[in-house]
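Labels run A, B, C, D and E following the written order; every chain starts at residue 1.
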Amino acid sequence: MSALAVEAIDISKRFGARWAISRLSFSLAQGRSLLLTGHNGSGKTTLLRIISTAAFPTAGTLKVLGFDSKKERDSLRPSVALVSHASFHYEDLTAAQNLLLSAKFLGVKDPASSVKELLERMGLSSRADSAVRQFSAGMRKRLAIARLLMKAPKVALLDEPFGELDPAGSLQMEQLIRDLQAQGTSVVLATHLIEQGLSLTQERLHLEGGRKVSPT
Amino acid sequence: MSALAVEAIDISKRFGARWAISRLSFSLAQGRSLLLTGHNGSGKTTLLRIISTAAFPTAGTLKVLGFDSKKERDSLRPSVALVSHASFHYEDLTAAQNLLLSAKFLGVKDPASSVKELLERMGLSSRADSAVRQFSAGMRKRLAIARLLMKAPKVALLDEPFGELDPAGSLQMEQLIRDLQAQGTSVVLATHLIEQGLSLTQERLHLEGGRKVSPT
Amino acid sequence: MPASIPLLLLLALAVMVVVHVVVPKTRPILWKVSAALGLVMLGLLMYLGMFYAPPEAFMSNVGRILYVHVPYIWMAFIAFLMNVGCAFAYLMKKSWVTDALAESSAEVGVLFGAVGVAMGSIWARPTWGVWWDWDPRLISTTVMLLSYVGYLALRSFTEDPERRATWSAAVGILSGVSLPITYYSVRWWNSLHQVQSSTASVDKTMGSVLLWGLVTLLCFLFPFIVKRYEIARARQTAAMELPPLEAPRPEAA
Amino acid sequence: MTPKISLLTAAWLVLKKDWQIEWRTRARLTALIFFSGATLLLFSFAMGPDVTSLRAHAHGYLWLGLLFASVLSLGESFRIESENQALTGLVLTPVEPRAIFIGKVLGNASMLFALSLVLLPITIGLYDVDLTRVPHLLLLVLFLGTLGISAPGTVYSAISANARARDVMLPLLLFPVLVPLLLAAASATKLTFQPDPQDQLGSWLKLLIAFDLIYLSVGFLVFPKIAEED
Amino acid sequence: MTPKISLLTAAWLVLKKDWQIEWRTRARLTALIFFSGATLLLFSFAMGPDVTSLRAHAHGYLWLGLLFASVLSLGESFRIESENQALTGLVLTPVEPRAIFIGKVLGNASMLFALSLVLLPITIGLYDVDLTRVPHLLLLVLFLGTLGISAPGTVYSAISANARARDVMLPLLLFPVLVPLLLAAASATKLTFQPDPQDQLGSWLKLLIAFDLIYLSVGFLVFPKIAEED
């Protein structure tokens, strides 16, 4: 039996009086990838944030890579990474400085050169020394992806990764996802581009009002 | 000769030391629609903001509906509307309050009922009384579109309108664009989904580093 | 007054509150008993304070307000101590019970403290000639109350229950630092106001009347705290119910 | 094409929106009251326990407290507008920038005036001043003073909402401009607390009115230029 | 799995990042200096032209100025972290929250300490005090005092950065907690300006150190709980 990358046991998440995730259970084997779909406001971003340990379920247990996401968050965090609507960057640092900071926190060997390589790869090297405040929407997305790649996580959480990327960037993103998968990373991909998503993943979870339903 | 919706005469826009738009000239006849494409950071958002009079060209003249965008902005503004990355909403007001405010400023007749109708149309009526702060990315986009529809502009500027929308919302957006066009509105559509964009517009402008080039 | 007395009072309160929380059977009875006892004791306190105790040496009869002024402020102290305890307990192990207790003790503490300060102020008018004076004891007490008002404001401005609980536990502990400061302020900054009296400096009968007043008010403090606690719990459980297992049928859209 | 609604209607809508937001979050006024209450307390610490000297300077403390509170209040008022670029959204709607100015000034002034009313009893309690001498004139002074703070405050907070390090920019810009106004307001307030043998209150009031008119009209002229890119 | 870098390395990186941002924008310290300079000036206006009384209270004005500046500075320091949810990003990287606390406290304290150094000449100029009596002790008092402001300040600004009406929430929470510390710092400063016949400076310094230790350790314990959702 292969280990589980994600295992949700009856999790729910409440905001104020509203349940964004309701009694959700599912599991994903390590190495396999999951497509997350659902209407606007169905809870995709919330679920990804919970898996990334940026938020925690109000009730229920979530295990990621065998760790309880709430109690063992410290052990879990080095192995998951999230790209979402909020980009986590410091607006007044440059792209290179932002990445370098992550690299140092992660204890990457030779941070400077891996920053350079990643910026190159995401097509940002000509703007490495611009403050993020001056970036366009797509450039921000690219930088966020670079940050995820820097971490080389075991579980990669991608929230609408194709949004804002130009066609070339979109193709590259697909390739990146395949590369991650080839290295054994489980990808959880939330997107509204269902065909594209289906071609990249093996499993699917469709949410409606925070509940699991079969896609229609 | 039909009147021109947009006429750019050698416009440029500088941020700091960098030119986001360089010596751009183009025109768009009233009633026709334009597809705006280009790599990330090529200047699409900047151009749309300039057309909407949220920003002004550093050099050159831009005429929208025959008005000089800088000098006659007051006459122009009631007729253009923009949906972009920044949503213009008050986070602490509810969806309905935000729309109602716009409606009153616009002097719409019977504002309450048109707010209700628009929220219904954009699938937000169940969340009309939630603060925008609690909205998901797609719900914010829907609210921004509702605001544009409220204005019924002669020139509609749409910056990646399909981003963040679920498939149903995306289809509805296409239909909305066609409806706008049927009423004689010129649509300027910036998107990375080129096929979808081409099927909705008659003309195309491809930017590279802020300059007009022919798409490859 | 020996330092052990306030600690004993705190202990008594803690035991009663724990009993109330842990043993459901006592819930309808205990607070009523306490309140009733308090009422009876209050009647006696009036008599003792007005007629039995000797007039205060410097302030004559106005000084008799002492027998409620001091107990009120002491009750606020005890409630805030309880708040700090609950805040620590919450950060150690999350529990809605300690969160609710923290909320109720802070609110009741602010209430009792405000009454106590108001009485002090009423007292100050005839004795010092002003409503208020710049004195370390008065200021530190007021500042302590203000820091708990800030605590309550934060609670009411935070909607998410989990955040509210952890944030306010953190703020509660930091505010708790003002308790010992208030207590010692008289020694640090030499004070106009009375320092803590020792048994030596206070007449025997006065001391015992004061003690009577303290116990009386403790009998009121307890029902206030548990009643407020029950309100907080009710609000929590209303927000806490899990969503139904199946989606409600009609809302299929 | 002229806008469909009048300048004053638009200003009223802007003002109402501010009140609405304040009402929904309800945090601002409450927090301001405690903030300036605490500030007044702090002043008396710094000045030591001399009651007569405190009473003699109560007018100064009152206005300093209001000034610091206004920095926070103005900052908050434009933080609301810079989230999601809401101010740009208003301008594009279109709403006349001058209407935005009027609405915002009145919104800020009403907040500060309400605050000053709440601070009065605190002033009595802490500094033992006598407010009953000419209460109507005292109210007038408070009204004119808070309006005078709001007019340049609105302009500057609009600027600093877009500038870098905006929280710290605002007071930097604002304080120097406000010094004369504060001086006038504090002096006038003093004369409502204490006897006014030489009948100077009237001239301070006139000065205050003049400041208000100047600041309001300058703001009215200048605000459209800064509310949008130019 | 243990983090790959030590707590102190991480704290140092957080601190360096704050300095880097400050250096790029360069706005914060400049603006703070002008702000507290203006504050000191306003105090002397509000208190009237009595030089001896000004000199006698200079220590109080100095710390009040620092206190108001610290509210702005702390608010700005966490505005940076709440844009783009950068603080959440740090926690997820993962960076130990306690490292973030240490880094942020030192960042804020260094900013305030720098500010206090700049304010000293202004204090001389405005209030004519004598700083040369025990300069090393004065520096020590300033250091301990600004560190003591930063410790609870960091905790509270992290909270209020996410709370509603955050600009006004911070001082509301912070001021009451800081009052005793300020009192101790101001009293100690007074004794460095003026003769200290009863040799009380030492005990004030001890009190200050005690406050710092308490606030730092409480903050150290509490910060991890509030840096992330729980």
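Note that a residue touches a chain if its C-beta (ideal position, glycine included) is under 8 Å from a C-beta of that chain, and two chains touch if they have at least 3 such contacts.
Everything quoted here is computed from the prediction, not taken from an experiment.
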For chain C, the least number of touch steps when starting out from chain A: 1
Chain whose mean Cα position lies farthest from chain B: C
Chain B and chain E, separation of their C-alpha mean positions in angstrom: 46
Rounded Å distance, chain C centre to chain E centre (Cα mean): 31
Chain B-chain C separation of Cα centroids, rounded to whole Å: 58
Distance between chain centroids, defined by C-alpha means - chain C, chain D (Å): 37
Residues of chain E touching at least two other chains: 25, 163-165, 169, 172, 175-176, 179, 183, 229-230
Residues of chain A engaged with two or more neighbouring chains: 15-16, 92
Shared interface positions of chain C, touching two or more other chains: 139, 143, 146, 150, 153, 157, 162
Chains touching one another, given as label pairs in label order: A-B, A-C, A-E, B-D, C-D, C-E, D-E
Of chain A, residues touching chain B in the complex: 15-16, 18, 38-41, 45, 85, 123, 127, 130, 134-139, 141-142, 160, 163-170, 192, 194
Residues of chain D touching chain E in the complex: 25, 27-28, 31-32, 34-35, 38-39, 41-43, 45-48, 53, 57, 60-61, 63-64, 67-68, 71-73, 75-76, 79, 163-165, 167-169, 171-172, 175-176, 179, 182-183, 186
Contacting residues of chain D [partner chain B, same complex]: 1, 3-5, 10, 13, 17, 20-21, 24-25, 80, 83-86, 88-95, 228-230
Chain D residues within the chain C interface of the complex: 25-27, 30-31, 34, 37-38, 41, 44-45, 48-51, 54, 124-126, 128
Interface residues, chain C side, partner chain E - complex: 91, 94, 139-140, 143-144, 146-147, 150-151, 153-154, 157-158, 162-163, 166-167, 169-171, 173-175, 177-178, 181, 185, 188-189
